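One chain, chain A, appears in both complexes that follow, with chain B as partner in the first and chain C in the second.
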Partner chain A sequence: MKGAYLSYAAKRFAQAAVVILLAYVFTFVVVSILPGDPITNVLRDPQNGFSEDQIRQIIAAQGLDRPIPVQLWASLSHFVIGDFGLSMRSSRPVTTLIAEVLPSTLILASEAFAIALLLAVTIGYGTQFLPKRLGQGLLRGFPSLFLSVPNFVIGLVLIHVFGFQVGLFRVIEPNSFWATLFASIALGIPVSARIAEVLIANLDKESEQEYAAVARGRGLTQMRLFARHLLKPSSLPVVTVIALAIGELLGGSLITETVFGRTGIGSLVQRSVSTQDLPVLQAVVSLAAVVFVLVNLIADLVYPLLDPRVKLIGNRRYRPTTADDSAATASAAMTS
Partner chain B sequence: MAAQDRLTANAFTRTEPTVPVPLRPLPLLRVDGLSVSYGPHEVVSNVGFELGRGDSLALIGESGSGKSTIARAVLRLLPSSGRATGRVAFDGQEVLGISERGFRPLRGRAIGFVPQDPANSLNPVRTIGAQAQEAVALLDEPDSAIRKQLILDTFAEVGLDNPERVYGSYPHQLSGGMLQRVLIGLAILPRPALLVADEPTSALDVTIQKRILDLLTRLQDNLKISLLLITHDLAIAAERANALVVLKDGVTQEAGRTATVFSSPASAYARKLRADVPALNPDRYAALRDVGLRTVKAGDAATPKIEVSAVRKTFTVDGKTLTAVSDLSFTVPAGTTHALVGESGSGKTTAVRLLLGLEQPDSGTISVAGEQITGRSPEALRSTWRHLQLVYQNPFTSLDPTWTIEQLVREPLGRFKVGTSKEREERVRGALADVGLGEHLLSRKPAALSGGQRQRVAIARSLVLKPDVIVLDEPTSALDVSVQAGIVEVLLTLQANLGLTYVFVSHDLALVRQLAHTVSVMHRGRIVEHGTVAEIFDDPRQSYTRSLLESIPSGGAAVAPATHTRPRMSAG
Partner chain C sequence: MTLTSFSSDSRITAISRLAALRLPPTVALAFAVIALVIAWSLAPGLFTSHSPVVGVPADKLLSPSAAHWFGTDHLGRDLYTRVVYGTASSVTSALIAVVIAAVAGGLIGLLAGFLGGWVDILLARLVDVLLAIPNFLLAVIVVTAIGFDTTNAAIATGVSAVAVFARVMRSEVIKTRHATFVEASFLLGGSRWHILLRHVLPNASRSVLPLAVLQFGLSILVIASLDFLGYGDPPPASDWGLLISIGKDYLKWPWLVYAPALVTIATVLSVNRISRWLRKTD
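Our next item is the complex of A and B:
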């Protein structure tokens, strides 16, 4: 089992690395074949006052006149060691620019993620055990409600109510504790909806299983039944959803940062798009791909640990024929 | 207030005494005027019984009789849509009306529960040990080492060989019999006064069933636990309980001491139930069965319809070679029924797959109706399949729920391009009539049919091709005993009329005795004994066969059936 897991993990790691490299190549190629050459545009900007000769020199020095495959190779070999080159606007290393804004976004995203999980599990618990008269049915409507309200609307409402009316935070201090918390709530709510939807469906399924009744018969309290018996099997499919929800967090953080006036990856991307700062964009896109792949990798690696029934692929030549299998194949084969 | 109303209402509406025999002055469990409904649909009506301390009582009936619902109502584990009225008094305390908070201290501690399906009754993603800790927590033992020792001792007590290994295992790593032992262990661990066992053995093989029931009986005696046993099997109930309550459609048909109800049932329904138990009526279909033999033409009888000789099949799992069947040989004369009996893992299913040509043997030959099955491709086997059909175990999963009955029965005709549209229609109607189903069912979907009707559809589906040989893979194991009797009758009538040859795969020896002509007993992939039904059942030579025969519940000491020819085993 242990050996099987290690070889499985090694395989998934290798796959993840290949995906990241392909994502990098893809963005590089897309940027290269896009019409309009932002680099020459910048250089030819009359304000910069470069002569044709100087432009050619700069381009040659940067290696931009070489064939695309050669450029790709150079860029790729830098990327592998974590070097994204210099920003075209500020001439500072892209890694430095990103490092400046990354902590703020990471704090926002992880707080939002924690809130999303907490909210989803709370809603999930409520749908199972809240008495009907206290709005169990209402609770089931929450995920679709959360999904249908865009998060900038939630953000604006939160700013209006808690920033201006209640006065918990001031909009000019976007990094204060309360401001960050409410930004995270705005970002976390739509993400929680996706998790809650899957969680509720699975809790409904699991709570009807015989083992849940047997565990109740063993005298467990509702809280223990939920926490020890229902939550884990119901969370297994959620692991996959969470991996997808991370994408939502990344996308949502761009909008949330703008609404709450925070500096972060979102504002950096916004600036870079408007100034066509290609190295920064390439770096951010690659980083997003890395995050995505890593989260899915973690999900894949965690899954067999959470569910003891999962059999790892490989090592299986014979599928034991259970009665059900044989019936299905038998009737299928014999009537076809 | 509402409870008061119900009480008075019950006092007036009760027409028969709900308590058959008062066992002790203060019964441990007293159920009085219990009714359960789902929405407007009442599934249990005005049921009452008493269970004394250390005594045992069985609720018997078919599926839909409300027996499990009563158990769930007593345990207060009804689904949220279920509503129970009446009185359930445990140890003198009314428990139906009290709050969940008030009832929880009784759960596990005072009332234990052994469920029906061991495979789905433990949390699949938690270890057995983690779940056992929940049971031992009810004992208020502060020392964790002692708690664990108590668990291991209980596992040993219920007959688990390696308690430490079981403790660390996940449910899917144990067999059904072991899981049921675990569940019984968890239920008795807090030493409850009452154990509710809901069909505790219906998912298990016959020999394991006997061991589990013996275990329950032994624990009940040793620990002075009262047992409320729910079962569809009258023989089991009679063997294991002192009092019986016979239910049909949620209404009590008959109740009383086991000896009385079992040996001289007063109600028509209890008599029918008793007549339908194969173990109690081994020769019920003897006449019909022998008609089948006579209808076969003399020439046919000379050459066997099925010949299996020296077949061997192995599988490779994780680099290890497992022998599924070896040295499998038997012949079946035309128009007769050959039974393959054995427990799970005995190689029955592999034998069926080989016989149908769905799996090719490593060595040996199989021929059906003179045609070689072995060594042919699925395409080449198509013509054979027209004469060789399968009826599968579970009619609840083997029929496409989106198809109508007509489509289902007609499908094989289309696949084998048989006849014109009009002829097909006639054949479909004919096949349905043969299995005793009316034409009004043609446009129905499987969901609208009962289990017995569905299995008849499955039989009609194979019958419509007019095959010579039908392989019946546990065709009644998912059905109630009285529904089973109907299917057996259909099968034997078809055999008598059409001269069909059956291969009947089953673990139910009593049923085999009723309908088979010859028997092969399989154990670990080999045939350990074969012969005619009379030879195997009256004079078994192998100890394995004897142990199988002894496992058949037959009503125990309650009464010795007059038709039984075999020396009786006392089964306490």
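Our next item is the complex of A and C:
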């Protein structure tokens, strides 16, 4: 068992490394092969006032006149040692730019994640123990509703109601306590829907098991039954959704930061998109892929340890969903 | 459940569905909303007499009333008219996105599942890479590379959803491949292509339909987000996301945000409801 686990871990590590490298190559290919020449567009922008000679110099200095495979190799070998090059716009190292804005996004994302978890567990608890006619159906509709609302709309509604009407925060102070809290709520709500969907499905399954009936027979209170017996087995499959949720937090921060006027990774991406600053974009995308792959890797590695029922058959990656095809569709849809 | 019983089951439900056509009321409502949205996009002129582009400056920022259902914007244009005229572009672009995702993803999944071996391994890594980049970020990168307009936003959204379809298709193809009727067809001397096109593809695409409907709703949201950030067509286009983005600068007149937002939400909710219903009935 131990040997099986180790070789499973080694295999997953290798896969993760390959995916990260390929993600970098993928972004590189997308931005350099697709039509449109953002680099000279930026440099030829009359506002920058570069002469043709200077443009040629810059392009040569950045090594952009070499064939694409050579460029790819050079940039890949820099990437492996953590060097993302210089920003096209400000000529400052990309790593510095990212390091400057990262803390703000981390605060936002972790707060949003906490809110998402809290909300998902609350909804999950409600669907199990609220009376059938009072609110349970409503709560079950929540994840689907949350997923139908664009998250910039949630943000704008929160700003309108709590910023303008109630006056809890002002938009010009995006880093104040309340502004950050509401930004996290806006970011967290769609994420909570994904977690809640999986949690509800598993809670439904677990509460029909015999051990739950026994626990009820022993006269446990609802809260105790939920917290001590149902929550743990139901939250195991949630571990895999969490990895996906992290990706969504990163993507969502792009919009939430714009709506709430925060500076962060999202606003950095926005700025780099409008100035077509490719090195920055490439760095952010690869970092996002690194985070996603690492979280996934951790989830996969931790899973067999958390759930002793999981067996690593033939080193295949364990998937917690059943083979039932509606579940397969649902779980695939989950990744979107 | 074996696949043979699965397909005959669903044929029976299809017949009984046609015979009885008993829709849950929420699904009927969802279809009604979608029908209205389609009508808006096909013939916007039938639903409103105002112009979506030319406003009456004296009537600017009016609140919703009988004359202006959704109120008017900062240039005195009727917001309901703007929403109706923006429908075609919002809906068509989501459709483009789904078609791209379903065709490209379906093809990847079909080849990976049917051919197996190194093709499968290679395509699986490609899908892993697409999954590893957060969807919205991927869409933003692609739209940056190919240029800002709504069609490009649709293409970018489609690319970012390829992986989902590829995964579902692959698992369905693998399931179908081992079904008895496919093996029987092999034994009868069916060629690989014959089996792939006549047996595997039709059976495996069955579960792609609910996913495509679900993805249609998601695409509306993603494209609205791209429009919101200004990566779609510039004004005077009136895509729903763009309308909300314009409205955010006029939060004192909140209907400029709420009206297009509610239309978007109602549409996506309806699409999701239909998708769930399709999944259940199939």
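Everything below uses one rule, namely that the second predicted complex is superposed on the first by the 287 of 336 C-alpha atoms of A that agree within 3 Å, B and C clash if a C-alpha of one lies under 4 Å from a C-alpha of the other, contacts with A are read in each partner's own complex, and residues count from 1 in each chain.
By definition in this document, a contact is a pair of C-beta atoms (placed from the backbone, for glycine too) under 8 Å apart; a residue touches a chain by one contact, two chains touch by 3 or more.
Small disclaimer: the values here were computed from a predicted structure and weren't measured.
Judged by the touch definition given at the top, the superposed model places A:T27 against chain C, while chain B stays out of reach.
Contact comparison for chain A: of chain B and chain C, C touches the greater number of residues. Within the superposed three-chain model, A:K232 lies in touch with chain B and out of touch with chain C [touch as defined at top].
In the superposition on chain A, A:V269 makes contact with chain C only, while chain B stays out of contact range. Of the two partner chains placed around the shared chain by superposition, chain C is the only one that A:V18 touches, whereas chain B remains out of contact. Touch criterion met: A:A289 reaches chain C, while chain B stays clear of it. Looking at the shared chain after the overlay, A:P150 reaches chain C, while chain B stays out of its contact range. 323, 326, 329-330, 333, 335-336 are the residues of chain A that lie in the contact sets of both chain B and chain C, per the superposition on chain A.
Residue ranges on chain B touching chain A, taken from their complex, read 72, 75, 77, 79, 104-109, 111-113, 115-117, 120-126, 130-131, 134-135, 138, 170, 172, 183, 186, 315-318, 349-350, 352-353, 356, 358-359, 378, 385, 389-390, 392-394, 397-398, 411-412, 415, 473.
By the touch criterion given at the top, residues 125-126, 128-138, 140-142, 144-147, 161, 163-164, 167-168, 171-172, 175, 207, 210-211, 214-215, 217-218, 221, 224-225, 228-229, 231, 241, 244-245, 247-248, 251-252, 254, 257-258, 261, 264-265, 268-269, 272-273, 276, 279-280 of chain C touch chain A in their complex. Against chain C, the residues of chain A that register as touching in their complex are 15, 18-20, 22-23, 26-27, 30-31, 34-36, 38, 144-145, 147-153, 156-157, 159-160, 164, 247-248, 250-252, 254-255, 258-259, 269-270, 273, 276, 281, 284-285, 288-289, 292-293, 296, 323, 325-326, 328-330, 332-333, 335-336.
If you check the complex, the residues on chain A that touch chain B are 208-211, 213-221, 224, 228-229, 232-233, 236, 306-309, 315-318, 320-321, 323-324, 326-327, 329-331, 333-336.
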